[in-house]
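After the structure tokens below, expect a handful of questions from me.
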Amino acid sequence: MTTRDLSRPRRPSSLQNRLQLGDWTFRTLTGLAGLVAMAVIVGAFYELGSQAWPAIKHGGISVLWDTSWNPGRQEFGVGVFVIGTLITSMFALVAATIIAVLVSLFLVEVAPGYISRPVSYLIELLAAIPSVVYGLWGIFVMGVFVRDHFGPVVVSTFGWIPIFDGTPLITGLFSACVILTVMILPTVMAVSRDVIAAVPRSQREGLMALGATRWEMIRLTVLPYARSGVMGAAILGLARAVGETLAVTLVIGNSVRIPDNIFSPAYTMASVIANQFPEATGLHQSALIEVALILLAITFIINIVARLLVWKVTGGHRAVVQE
Amino acid sequence: MTETQTTPSTMQVPPPPVVRAALGATVPVAKEAPPITIELRDVSAFYGKKLAVSGVSMSIRAHSVTALIGPSGCGKSTLIRTINRMHEFAPGARVEGSIIVDGVNIYGPGIDPARVRQRIGMVFQKPNPFPTMSIADNVAAGLRFMGIRSKSELRDRVESALKRAALWDEVKNDLKKPGIAISGGQQQRLCIARAIAVEPDIVLMDEPCSALDPIATLKIEDLMRELARDYTIVTVTHNMQQAARVSDQTAFMLMDPGDLAGHLVEYGPTSDIFTNPKDSRTEDYISGRFG
Amino acid sequence: MTSPGNSAILQQTAALYRRRRLVDRLMTGVMVVAVIVAVVPLFFILFYLLKEGIPGLSLDLFTQEPNRPGKEGGGVHNALVGSGIMVGLALLIGVPIAVGTGIFLSEYGQNRAGSFIRFFIEVMAGIPSITIGLFVYSLIVANQSGLLPVMGHFTAFAGALALAILLVPIVARITEEMLLLVPRSLREASYALGAPRWRTVLRIVLPTALPGIITGIMLGLSRIAGEAAALLFTALGNQFFSTDINAPMDSIPRRIYVYALGPYDYWHEQAWAMSLILVATILIISLVVRALFGSRVTVRS
């Protein structure tokens, strides 16, 4: 590569120019490596798009909300999976964000360093456990607990509310929600902790000097100040929750029907791919690839939204704070 | 250590008002000699194990302006932050000694710092209005902690505080705007309004003009003189002219090269400190020979 | 200027003050509860990994091939070797691309081109692994579009490629960060000697940042070592020992998945044992990295 560039007829005799050509080559090579990322995204859209094309032609846009998925009858509405994904990831998003923000507040505002550092590290370790191990634990430990202990208590206590009136099994919507919450917690926590720690000291002092209690200080300055950053953190967690596959596949029960209570077995977009793809052929396979394509598009959109939020946060900070 | 101990005790007793007037104090002195409201007794401040301020004892008079001066690193900002217990907000920071405000040791057992800070307001080096609150809400922030809910009372008190902070005329039409939508000088006066809205007894000002231009600085200085009628003001400044212009009493602090902690070198009426310092180090500093 | 008596205000608000302090303590309590809720799952998972995993550990697990389903005993030797081969291959493919990207972003990336590539790296980091698996499936295994002159069946290579796609964004981001940490003065010293930029980067900047980059690679490795979803439809799986990268290959995470779904107790036992090995490996990597390079970099998948 270098020699070829050097042979270009651009005054190669000049030392200055040769140095620039060396730099040019280096820059081009590393730039090409950088373009691999774009190639992967574009390639994924192209490949999945072309494989999904038969299903897209077959079902049109209405598959997105059509809830009849029956490969035998060539019906491929993904509505049920969209609902399953929505419920599980929204639950995980809300639960994980609330816990993560409270934990972050504890780590940043309350705990001394010798407590907050190890606690923070322990929670980050949750991110190091592979999805499939969560799934294994989900079935054999948590699922059993939900079926034998937690579920019956909930049903007998809140059973008069329709969404709690079900039959707790090892696998089901509820188990999937809990597993997802635990799995995205470290992601959301790490980001919201950093965002909360970045709230300027002057803001905290301003409120403390007025005689605020610690919680008043948090409520009136820290939380409003960190709000958009925490939203960014939540969205990062959402991206993980939506695409999370094997742990959910193992614990959600894999049933093609609209869940009517929190213990119903269900399906998410990712879990239906993992579960049905091995036996799928023809249009069925194409429809599953279409589901993957939808997941890819969601990832893309979530990233754009997150980017806009981050841009807003950093742009905002510069205007807001005179530090 | 030596200087605080050798500082003659007379230093710490401010002269009576008559003397002050004779010395040419620029403000009308309260008719009756006001009671002493802040008394520091052997106050030392630490960051972790590091001693930052060592054994300061001084009495600060009510309804007057007291300036803490000294070269950077002499502990004057740390000292002022002990007076409303903001010092201990820094991780690992602690205070020894006692500070008596209105007969009560604010470092005594069972005293809640939040309670202390409600009565001792503070203005910081850089204006720090809350960006997520409107101008009016900024001023009302402390009032809400006092349980004032009524809209009309809040409005009245916000207006009164903004007027006393000489800001009302400039912002009365923009009360809904965010607290950061105004200039730096206005922001600092907003922070002063925020501090005095709760009717504190004492207002601490930690280099309130260091981030401001000269015109904004003059306005704040005028305001400090004005506020001294109703409040006890303690201010830190690195600007000696400012101390000479606004303060009644001046305390000069210096870092001791031995223990690297700040000590009180000399404390007395401002005119004495600037015209007739007792300590040669004060004289060196005043005359610009170091610092 | 009538200032309302302070003592009156303070007395009037004594009850209010008690309530404020109560709310403050209550919320602190809520935070502590949240911390417990967040930390407990980790301990439960680690506890059960040890409790259920240790009984399954045996020499056979490491040295034997799987028996036919239903016949007790056997091991996962093929999956261990398969995981090793595919992770190694993924590093070979992914690391040069990732480090190149990181260099470009840190050295030439403070402009539009940089933010453009950074955006795609972020998107790439967010693609669900199952989607990556299907992408590689359709690119290589199905090969209907004919974009690549390859295969047309499940291969270890396809699995490694899917893992490499997972690896690149992780390593690229850490590489960029680490290169940006190299002090300016070091670069300037090199420029002052007349060295061109590319040589400065290769001879001075990269070696200085090497420990950090290796950290990034280790973290990426621990992320892909546990990945199963991306392998399901690329490397598939294999009952038998194989080192042929042009043939289906087994891996530990995929075998955990299969055994977890299966009906036999000894499968479940082996699944726990494999999980224990996997998590222990990942945690050891993470702890070593942390001990060597501090807390700046943490495991994030």
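A few points about this structure:
When the chains are written out, they are named A, B and C in that same order, and each has its own residue count from 1.
Heads up, the rule we're going with is that a contact is a pair of C-beta atoms (placed from the backbone, for glycine too) under 8 Å apart; a residue touches a chain by one contact, two chains touch by 3 or more.
These numbers come from a predicted model, not from an experiment.
Chain contacts here are complete: no pair of chains fails to touch. A comparison of C-alpha centroids places A closest to the centre of the full protein. The greatest number of inter-chain C-beta pairs in contact is found between A-C. The geometric centre of chain A is 50 Å away from that of chain B, both derived from CA atoms. Rounded to whole angstrom units, the spacing between the C-alpha centres of chain B and chain C is 53. Chain C has its Cα centroid 14 Å from the Cα centroid of chain A. For chain A, residues that reach two or more other chains under the stated contact definition are 213, 216.
Counting partner chains per residue, chain B shows two or more touched chains at residues 114-115, 118-119, 145. Along chain C, residues 20-21 each make contact with two or more other chains.
Those residues of chain C whose C-beta lies close enough to touch chain B in the complex are 1, 3-4, 6, 9-10, 12-13, 16-17, 20-21. Contact residues on chain C toward chain A in their complex (touch as defined above): 20-21, 23-24, 27-28, 30-35, 37-39, 41-42, 44-45, 48-49, 52, 96-101, 103-105, 107-109, 113, 116-117, 119-124, 126-132, 134-135, 138-139, 142, 144-145, 147, 165, 168-169, 172, 196-199, 201-202, 222, 225-229, 232-233, 253-254, 256-257, 260-261, 268, 271-272, 275, 278-279, 282-283, 286, 290, 295, 298-301.
On the side of chain B, the complex with chain C involves touching residues 112, 114-115, 118-119, 145-147, 160, 164, 199-201, 230. Chain contact summary for the complex, chain B toward chain A: residues 84, 86, 89, 91, 114-119, 121-122, 124, 126-133, 141-142, 145, 180, 184, 187, 191, 194-195, 198, 211.
Chain A meets chain C in the complex at residues 19, 22-23, 25-27, 29-38, 40-41, 43-44, 46-48, 50-51, 98-100, 102-103, 105-107, 110, 117, 119, 121-137, 139-141, 182, 185-187, 189-190, 213-216, 218, 239-240, 242-246, 250, 270, 273-274, 277-278, 288-289, 292, 295-296, 299-300, 302-303, 306-307.
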